[in-house]
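So that you can tell them apart, the chains are marked A, B, C, D and E in the order they are listed, and the count of residues begins at 1 in each.
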Amino acid sequence: MSPWLPILMAVPVLGAIVVALLPKGSDKLAKQATLLVSLVVLVLTLVMAVQFKTGGPRFQFQAVYDWIPSFGVKFGVGVDGIALVLIALSAVLVPIVVLASWHDADGTQSADGTLITPKRSVKTYFSLLLVLEAMMIGVFASTDIFLFYVFFEAMLIPMYFMIGSYGGAQRSYAAVKFLLYSLFGGLLMLVAVIALYVVAGKGTFMFPELVGVIQDPATQKWLFAGFFIAFAIKAPLWPVHTWLPDAAAQAPAGAAVLLVGVLDKVGTFGMLRFCLELFPDAAKAFTMPIVVLAVISIIYGAIVAIGQTDMKRLIAYTSISHFGFIVMGVFAMSQVSQSGAALYMVNHGFATGALFLAAGFLIARRGSPHIADYGGVQKVTPLLAGFFLIAGLAGLSLPGLSSFVSEFMVMIGTYTSSAFGSGALAVAAIVSALAVILAAVYILWMVQRTLNGPTAEPVKAFKDLNVREIVVLAPLIALIIGFGFFPKPLLDVINPTVTQTLVNVKVDNPAIAEKGAGQ
Amino acid sequence: MGETITFWVLAVVSVGAALGMVFNRKAVYSALMLGTVMLCLAVLYAVQDAPFLAAVQIIVYTGAVMMLFLFVLMLVGVDSSDSLVETLRGQRFWAAIAAVGFAALVILAIGNAVFAKEAGLASAIGQAGYIRSLALLLFTKYVFAFEITSALLITAALGAMVLAHRERLTVRPSQKDLARARFLGERPSPLPGPGTYARSNAIDMPALLPDGSVAESSVNRYIARFDVEQDHLPADPKLAEAIKHRAAVESAEEESK
Amino acid sequence: MNDAVVAPTIEYGTLAPMLLVFGAAVVGVLVEAFAPRYMRKSIHVPLTLLSLAGAFALVIVQVVKGAVPTAPVAMGAVAVDGPSLFIWGVILVLSFVCVLMINDEGHFVASAAAVPGSADEEEAEAAGGSHTEVYPLVLFAVGGMLLFPASHDLLTMFVGLEVMSLPLYLLCGLARRRRLLSQEASMKYFLLGAFSSAFFLYGTAMIYGFAGTVSFTGINKALSTGSLLDPILLLGLSLLGVGLLFKIGAAPFQAWKPDVYQGAPTPITALMASGTLVAAVGALLRVFWVALGNLDWDWRPVMWAVAALTMVVGAILAITQTDIKRMLAYSSIAHAGFLLIGVMATFDKSAQNAKSLSAIMFYLLVYSITTVGAFAVVTMVRDPGGEAGHLSRWAGLGKRSPILAGIFAFFLLAFAGIPLTSGFFGKYAVFAAALASGSEAGDSLGGWMTGLVVLGVVASAIAAFFYVRVIVLMFFSDPAADGPSIAVPSMGTVAVIAISLLITVGVGLFPQPMLDLANQAASGLFIR
Amino acid sequence: MTTHYLVLSGLLFAIGAMGVLIRRNAIVVFMCVELMLNACNLAFVAFARQNGNLEGQIIAFFVMVVAAAEVVVGLAIIVTIFRTRRSASVDDANLLKY
Amino acid sequence: MESPAEIVQHTAGGMIGASWLMIAFPLLGAAILLILGRMTNRWGHLLGVAMSLASFVVAVLTFLEIIGLPAEQRRQAVHLYEFIPGMVDMGLLIDPLSISFALLITGVGSLIHIYSIGYMSHDPERRRFFSYLNLFVAAMLLLVLADNYVGLFIGWEGVGLASYLLIGFWQFKPSAAVAAKKAFIVNRVGDFGLLVGMFIILATFHTLTFSELGKQIAEHPPSGGAVTAIGLLLLLGACGKSAQLPLQSWLLDAMEGPTPVSALIHAATMVTAGVYLVVRSGAFFFPPDSTQAIAVSVVGAATLLAGAIIGCAKDDIKKGLAGSTMSQIGYMMLGAGLGPAGYAFAIGHLITHGFFKADLFLGAGSVMHGMNDEVNMRKYGGLRKHMPITFATFFIGYLAIIGFPLLSGYFTKDGIIETAVHHQPILGWLAVLGAGITGFYMSRMVFMTFFGEKRWEKDAHPHESPAVMTWPLMILSIGALFLGGYLILSNRLYFFLSPAVGTAEATPEFDFASTAGLVTLALVAVGAGFAWVRYGRAEVPAVAPRGSFLTTFARRDLYGDALNESLFMRPGQWLTRFAVYFDNRGIDGLVNGLAAGIGGTSGRLRRIQTGFARSYALSILFGAALLAGALLLVGNI
């Protein structure tokens, strides 16, 4: 019984309550309180993460309490390596998002004085944010599948309100679409969760006790499908991806970061932990179709991204492409590809986060997400442009930046996976590698149209990043570059979990480069 | 044998009457047809060793319930009759289909059921006798339902009160009040009657006062207005003028409302 | 001829909750008759509330004493078993809460007999009259609700049905505003209700013909002996089903529900949507599980179709509704479908059946409480002409009164079954019960149960759409310039909303205590 | 004979039901419902004799009482509606729809 | 033929152990300049130069330490840190090949840094320019020093990034922005090849580290198919970076960048990375006379001709030089495809080309500096008097590139040609032809710029550049004069490199009087003479005449862009448009359609709720009948 994870969840919830109960007109105090709480969570998370023993048992900091004995549901939390890094990702992103969203609810005016967004309740926004943080931590920390499901679904609500109340012009359409898509998938998963409980007959939802319990292949397939569809929608995988561009484009930049950076990771995280380990045979049986979908996502997302005229939508489509990589890595079922996929989840959070935030700052200055409304930004605001460019380069997985390592691992892990013998995975890896070209096209074309060229008239009035905005972007950029050259800390934490996953999936696919590493 | 004959006669009559009830345009006829059915059923009850029930059927149903229906019918308008045009598309067709289908199913079910020989009520009645047996059941086994039925009756009474009874909110003026009001008013005496004429016995003709002048107030002002609006004025210009004037008073009053 | 009649035994102690309610109703009528007009309300309100609270206390006493009888009481007319007591408790709480709402000004017509829009009506309104008969009528209805699911023979059940329904027919027509709608609702409810109870009665006749008795124990016994009269048994079964399914509003017998819910005064709608539903489901369970439990082989496939149709019809039709009460009515239809999934979750093992029963009762509890809360919020959003029923009037409510809108949104999320609300656990419990019973060995419906649950899930997703749409309207749309005003809530309404919210939140976070209650109540199943 | 009586009762019930569907006058509709209840009673009485117990007859009594109460309430409602609309047609009351 | 020496894991300290400083210095410089931003405006360029020089010093010291070692120990792998645990460790490989490159990069790089102080002195963003230059140097060093393909790839993309940033340095010019993007994207096509190549390497040999790879190949000689595939894919990568056919189109556009960039990146160093890649992988994947090796040579030969032809038609001095760069790298590739026999010449040409081409570019830059950034040679003329130092250095570079006997280019290029004629005669003779064309277009350039009448714009006041610019020119031209001879004669370079790249079957001998050499010289002379006739003696029209089909063909860059446009861009645009449409209308349309369908169903279905009590009753009766029917049916089954 380790108190770490319950505390990590309780702190933001309490913070949210405090923020919500602040008297009227204390907007500034609400912001500061939120920032403080999120920083406390960050510190706690880091302190906890330091104590994680890489060679230790799979789940650490476990805490299990009875919650609903009638249903066999426990409040069971604990983290393995992948969950740990994802929790850390959330804990890092939230304070950044808080800072980034500092004025989002205040109502903003564009350079020419027109009102872009009306004033909205600041307290609500920030308490929603904190609630979301608690749920994000909870969803990754749950070792009880039911609890996981609860967080998985409940997480939608704060995000729904953040999009719907604080988003752009089409926000209600986007919010509803987001919610219904996820809810639909979630409900199918609910059926699978119940069925898992019933079929397993163990009277518990605790993940460690359910691994390897379901043996019947047909049952496995059905349950797998139930889980997978939910995760595929969440991830989002082609062809159930169309909610993301709308949601991400309409959400305020901060919320978009959490949506794409963390929430969607739940999908791929779930695939890796639940789909694979609970239903190994089904996972193997479905690998090829899923990898095909993933490859389609990769290429298709990239191509559609090229054709976007709206920055945030463009970034969203790039994420679809990136999620394709993650899914491919997960299902290629090799140590390297899965480690790469897990690493990708983290790196993508930073990279896309930075990109969304930088784009958000840009949009906040102009009041328009349309690429065509910009031009020559670099000349006026070199700092903003610089950050934007680096974030963009991280988006195209430039070597030296963190996303490269993961993308490379995924592709090479997929190519070299011996899980299925056939060359199909190799073909998938090669086709997916085409995305490196497409990624250059979509990112650089956007950069060219926004940052470069003659300065557009409204852009001339732009102010460069202020201190707050620099503080928002700088840590992300630092992390992107740092992990780009030195991903080892993350990989060391991730690798044992992946190894364990592969053992549970019964795939004998050892680290391909053992020989190369033996120095 | 007697029962069979009774059954067939009454069955034909009751089904005919039931159909008559459904298909008769006039509501009153329908009510009477329903009464017929009920009477038939009463006889059939009697035939089936339920004489008490037969009596109750006649007293409660035919006597009370049907009367209630008839009263309400009178309240609503005795001669009200449905138009033959069906306004809901396909309603009759589907109603017929559904009813026939339902009847077919019921008859099919009953027909397929294999009944033993009727047990008869002799053993049930046994020593106690018919009425006493009924009472015994009613006051022992079904006493709770019996008691609860009272709630139903109270509800019914209460409901009728709520919906139909209009409570007086002001004190009804007594004759004294009315007389006092009359004498305090402008005209203690009654209004003059209209002038009636041998040929046309019309109440829209103003009376003539002994001096030959026209008594305007002798014509009801609503009627006067009607005449004006319908251009139904007498040929005599003096009378016509009086009616017009009277109508103008009515119009003015109407407007002031 | 002179054999003495043995006096019937009535277990007054056991029946006390019900008798108290009926007694209070009769006293209420007497108050109507003898108390001066100005005093009536001040007598009725405490009388009604105290009697309901007292009845609830009596239920609690019975539960605490553990004196749950194992045989039907009142000469076999009433079965006061665990489920009955649970349902009684729920109904009493709900009716208490609804009475708090009824107690508010402005829901009931000043003079029902006065023609709408006439001088009489104005006069009555000016005089500040109102129908205090409402209180005894509600008490009668509640008494019927208590009797209906607890009755142990079909006759008592029929009487209970009527006792429950007649006052509701009347109450539906007593709305103060939009009286034409209210009267129309009343008439429709009445005609269709009478029509359907005729079916119930015919079914009773058939069952009686089959079993020679209308007692559930007797019917159950007759079923096990087998007979050549199966066709009339099945006919009776289906017609009884018509009557009961009508009451819970299952398709294709759902048509009355939207019209009546929309037209009736909102507190009465709340009572119908909660209390009546609970009672009807209880009765349905008793008939289908107790009397006809051995016939599940026959009725479950048909019930499958009904449940599926009900969920789909409820969910799909709700999407295009523009009136909030009407939408909630359709939502109630969809929920009736979900409940039917639970009703079907019965098969051989009694342990599993107890779980299913507990799930249904839990669902009833959480759903009905949330419903009452939702309707209470509806009463507070007002236009000059009364409640602002049209959804477009709700636009931007979240901006003008965030707390109220937030609470309503929370109730809607609970309806949608979002985790961390009570509705989620309700839905979960029912689905889990269905899947578990479907996975029992030998259940011919096994896979079909899964299919039904999946269908239920799809319907939930569709249903979520219209709940979410209201939230969108309230929070994401800009308020209309002349939007509805929010009535200053009376203590009663505040209490209603607070209680519902508390339970919805509390059960959403910690469902275990309520589940324990339901489990305990369901553990012994029904008295057979 | 029981079968005969039951068939008759079934016919009457169906006729009553059909009447409910096709008549517009609320009072007549209600009469049709009464006819259906009467049909039930006939069945009860027939079954009472068939099964050799008096319960069917007792139930028939209850049905009559219930019917009477229902009639009172129903007619009161119809009268109220008539006062408001000057019409007793059930079709005229269709403000609530869709 | 002999394989390269085994790579030794470096253990001792010394300069080799500290060789990472080579990368660290410029990287630090770039980081400081980028992070501190405007604060460094005053001294930023000095820091940049200092860092580059520091790197050069480290390189020289390392070089000295290497040549102090016995030949078989000259390959030292320096382990830095664990990069991707279980797969790749980050480390440096210090061997003759890499150190040669390092010297070239830091040496020429430092000179260009110094030159840029002057060249960019008027640019307000000079500090940023230097940060990019430093970044480039760091990345390029990583590229050549990394001891594994991943490190190489990081450097590879790093130089791509620096190139992108520098081409687009004047990003406010749309043409520069477009050119930068184009360069990056075309390079990415090549990267795709490199990436997939790495997949196959890892899958086949379970390692990406050069040292391990060597052991693996030594132990299990690989089968043909995989190696051919790897080779061709690496070649694709090399083509992208080195602007070889068919990925050549970006280089000409890249001249949008400031001239020092063109000199450093697009002439001297980065574009030769492809050659480095081929040579570095040569021992593994390009066995002589294998399909892939021949492919390398063929690509080289084709490009050298194409570049030369393009060079003939350009009036823009930088584009002309860019064409020549393509062409010269073509020579290197041709040489690199010939195996160890050609490696020394290829690398030698690479080094000398680094000098003389940098010299030429900087010279061109100097000219532009004096001519208000005018690049059109038709508006030059007679400049030799006005900028004598520039002229002199440029002329030396010119002589070197056309292969004037005894100058640097003569030795290296002739070496390649001879080896090629020996091994692949057809390609060799094409190279000879190319040399002739080189003679023509380079002469044309010199004549148009420095000879003839002045054709300047009115406001042009040509003047010699400041010392900070001319000194580097002079140093470079010294290299252009003598370096080739030093490296090639007595096979100094060959023997120096052989531990790293292996040895040929027969040690190559430079033959002053080979047939090919003589023919080359003759052709060059003819070309130069023809150029004199056309551009030296005759008047050069200020506006380009229409010219023949061939001229147009060359001016249009051999229709490379047109080809790309019609083959890739347009279909790509259509595909993109279709995909966007499909996403909005197809997939989203389906989803929205489904939603609308449910809504529509609802809208129609709710009409059932007619509001008529009788209809409701009908539905009840129907329901009852259905229920009864169904139950009777079920009951009878």
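Quick note on the criterion: a contact is a pair of C-beta atoms (placed from the backbone, for glycine too) under 8 Å apart; a residue touches a chain by one contact, two chains touch by 3 or more.
Note that the coordinates shown come from a computational prediction; the quantities given were computed from them, not determined experimentally.
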item: Touching chain A and also chain C, the following chains; value: E
item: Reference chain D; chain at largest CA-centroid distance; value: E
item: Distance-to-centre winner among chains (Cα means, whole assembly as reference); value: A
item: Of B-C and C-E, pair with higher C-beta contact tally; value: B-C
item: Most distant chain from chain A, judged by the mean position of its C-alpha atoms; value: B
item: Distance from the mean Cα position of chain E to that of chain B, given in whole angstrom; value: 103
item: Chain A and chain D, separation of their C-alpha mean positions in angstrom; value: 65
item: Chain centre separation in whole Å, for chain D relative to chain B (CA means); value: 17
item: Between chain E and chain A, distance of the C-alpha-averaged centres to the nearest whole Å; value: 36
item: Per-residue overlap in chain E, given as positions that touch at least 2 other chains; value: 606, 609-615, 617-618, 621-622, 624, 628, 632
item: Contacts with two or more other chains, residues of chain A listed in rising order; value: none
item: Junction residues of chain C - those touching two or more other chains; value: 112-113, 155, 159, 162, 166, 169-170, 173, 187-188, 191, 195, 206, 230-231, 234-235, 258-259, 465
item: Interchain contacts (touch definition) - all pairs; value: A-C, A-E, B-C, B-D, B-E, C-D, C-E, D-E
item: Residue ranges of chain D touching chain C (in the complex, touch as defined); value: 6, 9, 13, 16-17, 20, 26, 29-30, 33, 36-37, 39-40, 43-44, 46-47, 50-53, 55-56, 58-59, 62-63, 66, 69-70, 73-74, 76-78, 80-81, 83-85, 90, 93-97
item: Partner chain B, residues of chain E touching it in the complex; value: 610, 612, 614-615, 618, 621-622, 624-625, 628-629, 632
item: Touching residues on chain C, where the partner in the complex is chain A; value: 358, 398, 402, 413, 416-420, 424-425, 428-429, 431-432, 435-436, 439, 450, 453-454, 457-458, 460-461, 464-465, 468-469, 471-472, 475-477, 510-512, 515-516, 519
item: Complex contacts: residues of chain D adjacent to chain B; value: 1-8, 10-19, 21-25, 27-28, 30-32, 34-35, 38, 41-42, 45-46, 48-55, 57-58, 60-62, 64-73, 75-80, 82, 88-89, 91
item: Residues on chain E engaged by chain D in the complex (per definition of touch); value: 606-607, 609-614, 617-618, 621
